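Both complexes below contain subunit A, partnered by subunit B and then by subunit C.
After this line comes the complex of A and B, so read on.
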């Protein structure tokens, strides 16, 4: 009896199985060249020729495509092979008997890592169960979304209550008598924070180009956050930096260069975002595998080629008070109190406590609260963090807004929400609903990747951002792979997506009769889910 | 839709003029109620202009309880007046048992009190009275303030006029400023408190339209000041914002318009006062209105005010003679009251204007 090596990794253990039709294959080799994971290879197979059985067996040799069975080179289901095959001879099929993550832990004594997004999806999407139900009919007119003038701007930066504005009356006109915290009016959708390193420089450049175009040609004051990976010095010294929100996180990557360049900067940045945590892997620091730390990434960040781990907490900051006094003050002081300084945290059971503390800080220097929800994406994380930690964005955003309402301080620290927006196709609808629930605006990173060509999804397709082998040229620094991403086309697609969302946001503002953003207007929302109705304090309908 | 009217005159007018102003506009409302506020009073109240007058509709028990509270606080009644009731058969009205209009001397403890201290006493007393009467559904406190008289009732405006004998002019009841609304108002329950005009500490506001940012306004106003209560009508928010901007913040009244309908960012950017306007736009964004509205107001100094929403979606016209200025929803109402006026002087305010009628009846048009 043949010995079966039951403990060896087998094709049937892998998450994806490659189906290959040798009759259609013309042996052009495109699929193997396209597979960035090395999951398929050309091999020569021995085949027995048909015979009557009386003859001596005869064999043939056939060139075929075969799937690799290994932890390092297994198929991620990205589908690049199918895309390049001229005859449709090959495709990856999801394996319902997948045992990969069990096998990996047993073999490697290590946690499973991946990139992309959570694949568990046990919660369902609250935002999909909410509709915009307060439509202006005979009580007041709906607005014509195509012709009416709408204003899609939201304040970014600390807003003081009216009685603290230091306004005084000079011959019937109010005048400001002292310097106030910086405040800017920006587009309510912010391009989320993805670093050079986490994404390829070509992807990052596409976003930066799109940002400049949206501002200077389309007149849309969209802001882009750099992520924690620095910013090219030429951009830093250019006038375009005014559209960029510089991020600082626990690794402080890139800040050496930023500080050295400050004397030569001609414009202030749009803001500074202090990242405490992110929604996809809350309580876990940033993780950039050495394979993605290319030479220019080393230069911008000022680091050697190694796994770059941002600690889960900022050095020396162990309380909100310390954070406010040290980090916020120093970041405010860095640009002479002219630039809004905001904070980004992962949505958590503790978010309201944090927000309350920031609202009550006596220095009025926290200029925005970015809440990142459970369904956000990431370049790399431990699978256990991605799948099992975090807090959905919707109820937490609502909690924070209502906590501010309770104190009569809504709007003082603008709320920005992110994490899984647009997952089911309607980014503008998700944004609008969160704005009605109290967000001043939203941010997204994952949507930008999808616009640029990311083929990953929430059901295990690809999700290999951590490998540095992104088949779309987005989450990689491999020079060959990054070439797959056409910077100009990606930038154009991002611009188009923003324009489309702008139209769609107006298509929602018109029916509720509002020409400005309905921030906190939860009376416009309804839900068929009684629990959601109770939790979010919106109207239950059936 | 509501129909609203505001009249300011150099001579004392009887409230029948308000009924007549609204009569020809009745196709624009639903005949479900009538309410008016009279300020700068003449007639029997003219001798007590400095003293607070209580306007109340209550049950017998409610009346007794309110008077007990006032007595215990040290207020002394100096005048009581009630309308003569004509309870004819078939009138479409849901009257309360008592309609009380009483003027009071301040408590002795406030003999040497400042104006601010007296005002504080009046608002606290009005809130207490409302609270006590509301507990057992005993009645309604409409205003408790010097030189102000308020009546609100559910039913047909014509029949309400008949019931209270308001169609007959007399010298007893008259004022130089009368604001009125037909329709009990509200898309929700029939509640007397929901009827315009609304009054708070010398400020009167009435409006027509829908406040689509009602929830935002209410959520913010609830914690701004003790007098911002009720919210039975979404239009009360307009009063509270006027009071907050002009009285609490002590900003000139032109900033009311900048608060409720802030200019678009790009327009503000072109202005010299952009820094101030952008700060106001951000700080008071929750007081913005974003619906179709025309708002009339009376300021504590007796000036009339009119502003519209930023889209100008509700009608309004201002007509004037040497003696009288009227602002109302439809010109037909003014034609009835001031048929001989120079119609070329009629003003149809636009979306960026604030109309102010001064005490010498000059009409100012301020551009936002």
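After this line comes the complex of A and C, so read on.
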């Protein structure tokens, strides 16, 4: 028998222990066939038969399922084995004695990386401690959520205050003497912001199809952000590009093809989003592990197969002013000042300064400020960033909104908030509360993955997006795994989820009595938490 | 019984009788046996409502000018109300059987929640008229006849009864039912003549059948006599100009194309990644065979003793043997690795099947 050394990785160090009941197992092999991580394998075990007399004990051989103990092939708790087992003989159980991260650093002299989301749960979410408490009761009629005509659209693009409009009198008629900044009225939930490469081609296309369907069949002007991995030329040259917000991040991936396609594009994109940072790993650049840099990803991005690390900053930008002058101007110029340009940063204690600076934009070219909170998801990140950096979205969004209010300039640069929305089950409620706190709209990526079939959660289940071994075919580029994802079901589920959310948003707008989005209607919100009440300036109740 | 008509002036020496005073005066007269009233009102509410004659089977008649809101509110069968000129909001509110004729226009929410009787209007009716009308099957359905048109949001939440909107004198009006008519309508029938638009998606618009035409022929005659406009009969009985609106059967949902159909018929042909990837969009089940396997077993003959253990243990019967050469049937093998585990000579090895699509 092999001897054990104390420093060897042991089953008891792993984050998940596979519980297996050999009495229920029929040895059908489904669990090991389904496990994309190779975390379990069939083995023949020797079992001692007790001696009943003077003869030596004999041994039985038994075919059983056993857990692999290795850094490369350890169980992530995704639960695919449980799903495929016909007898309920196997399941992954969280190991309270988990020492994996320590062991990994000690053995590999490298930082721990993972995908998914932060797994350090603090004491509950702020949004869950807020209720909608200002209900129309005789003061004004509540609106019938199912039947009233609501206007949910929100502006995306620079909004000029009345005194900034270049209106003047020409023969008794008001005329504009210069072009207004581009502005689009869009649905207040923006989807995506997940790059080609981070998610499989099927997942990315499912989101694009869902976006087109919501627009053209449902009449909901939902926009999708491409993420930083470029956009397929076929989509660029199609009419559907008008629903897409093109992202440019520090890696500038995919822009060669966008520029090459410009002469042949028949529609303008919905907008451009300059990504400075993201909530899941603020201050860190994008990270796409080599295992996911498939050939088509290499082509669109213009890079070979390698770990792709975007720089943490846009290398030509050194200050907010310069960003406005250079980056906003260039991106506005890209489509000849016809397309709104917004910027996305990770929420930070500095967000208000940034927003105040943007509000001073002298060229009227800043079309939106996207704030991404620390509960956001990611395809891959250093665990240390994921678990220990970032800023919650709620108070920062509120700070930015109130900063604009104090200058009488709210709404001039629309605010969009994201990061962990829907985490505790109700996306629409989270969106509604953020809108009441001052957001013009929200954005989500993680939620779409869950709708499509992601089985991960906030407490460490799976979260292996970085490995390229996604058991749901979402965060992988492998043929055998990607084809597990049904593109039609994924897209249909996203569509259905948006329709459900639309109903639920109206179900909240009705009682408050708003026909239009209640942007900044913080009087509608109440909390039993005195600190939250003080910090967000909403009514304390008990 | 007293056949004399009770004439009531509600404004005497610039002093206005309150609603309470007027209604209590009417009640006391009814208790004295009077049945006919001629009221010069001054905006008092609820005139003609919730009253019944002292003698069984007797009819109450009200002739009213200048009423306030809710003329004929909660009125019962056996009550006949005639308003000379227009009436403000809520004519026939909760009408339970009276015949109410308004020889003029009505304000908002005419016939609101009416569940019986007939309401005849010779002019236009305001917004939300006909809302929440209902039909209790133990009684005759309520009828609501309007010569001209309704305001917006008409017939919201209508649950039963019959409404007839004749669309007379509506030149220049986009919709004789106003905008957003029939929202939440679950029962009843609306007959409408002339152009209308913006009705809710929960109803269907149908052509008239013979029964409908008969109903309208008889009903229009009675209606036009009641409002002294018999001369219009011919022009209103061209039934090609009429439509009928009824709610869709419960549970009917608007049929939309599925996302799958959308992808196959409207979306970019071959998919947006079609110039890189030939994807048939088929879905691998779990566990999958063929290319859907995460791992594939490979056999190496070096040490094989031809024991057949792998063959016997393969849960999918995917292992084949010909002339001591072992192989797997890719259409059966799921890549579980049991062959590798059971082979005493380590002839089977699982290899990764991770590859990119091309």
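Convention: the second predicted complex is superposed on the first by the 527 of 542 C-alpha atoms of A that agree within 3 Å, B and C clash if a C-alpha of one lies under 4 Å from a C-alpha of the other, contacts with A are read in each partner's own complex, and residues count from 1 in each chain.
Convention: a residue touches a chain if its C-beta (ideal position, glycine included) is under 8 Å from a C-beta of that chain, and two chains touch if they have at least 3 such contacts.
Computed from a predicted model, the values in this text were never measured in an experiment.
Novice: Could you check whether subunit B and subunit C clash or fit when both are placed on subunit A?
Specialist: Aligned through their shared chain, the two binders fit side by side on subunit A.
Novice: Counting touched residues of subunit A, say whether subunit B or subunit C comes out ahead.
Specialist: In the superposed model, C touches more residues of subunit A.
Novice: Quick check for you: in the superposed arrangement, does A:32 touch first (subunit B), second (subunit C), both or neither?
Specialist: After superposing on A, A:32 lies in contact with subunit C but is clear of subunit B.
Novice: Could you look at A:149 and tell me whether it touches subunit B, subunit C, both or neither (first, second, both, neither)?
Specialist: Once the two structures are laid over each other on A, A:149 reaches both partners.
Novice: Touching A:299, do we find subunit B (first), subunit C (second), both, or neither?
Specialist: Only subunit C is touched by A:299; subunit B is not.
Novice: Quick one: is A:136 in contact with subunit B, with subunit C, with both, or with neither? Answer first, second, both or neither.
Specialist: A:136 contacts subunit B only, not subunit C.
Novice: Now for A:371: first (subunit B), second (subunit C), both, or neither, which partner does it touch?
Specialist: A:371: touches no partner chain.
Novice: After lining up the shared chain so the two structures overlap, which partner does A:194 touch, if you call subunit B first and subunit C second: first, second, both or neither?
Specialist: neither
Novice: With both complexes superposed on chain A, which partner does A:486 reach: first (subunit B), second (subunit C), both or neither?
Specialist: Only subunit C; A:486 stays clear of subunit B.
Novice: Quote the smallest CA-to-CA distance from subunit B to subunit C in the superposed model, rounded to whole Å.
Specialist: Minimum over all C-alpha pairs of subunit B and subunit C: 6 Å.
Novice: Where on subunit A do the contacts from subunit B and from subunit C line up?
Specialist: 149
Novice: In the complex formed with subunit C, which residues of subunit A make contact?
Specialist: Listed in rising order, the residues of subunit A that touch subunit C are 26-30, 32-36, 38, 41-44, 63, 80, 83-84, 144, 146-147, 149, 201-202, 205, 208-210, 212-213, 216-218, 232-235, 238, 240, 294-296, 299, 477-488, 491-492, 495.
Novice: With touch defined as at the start, can you tell me which subunit B residues reach subunit A in the complex?
Specialist: Listed in rising order, the residues are 187, 209-210, 212-216, 219-220, 222-224, 248-252, 254-255, 264-265, 273, 275-276, 278-286, 288, 290-292, 310-311, 313.
Novice: State the interface residues of subunit A toward subunit B in the complex, per the touch definition above.
Specialist: Of all residues in subunit A, those touching subunit B are 136, 139-141, 143, 148-149, 151, 153, 155, 159-163, 165, 167, 169, 172-176, 180, 183, 185, 405, 407-408, 410-411, 512-516, 518-523.
Novice: State the interface residues of subunit C toward subunit A in the complex, per the touch definition above.
Specialist: 156, 180, 183-184, 200, 256-260, 262-263, 266-268, 271-277, 279, 281-284, 286-288, 291-295, 313, 315-316, 334-338, 340-342, 353-358
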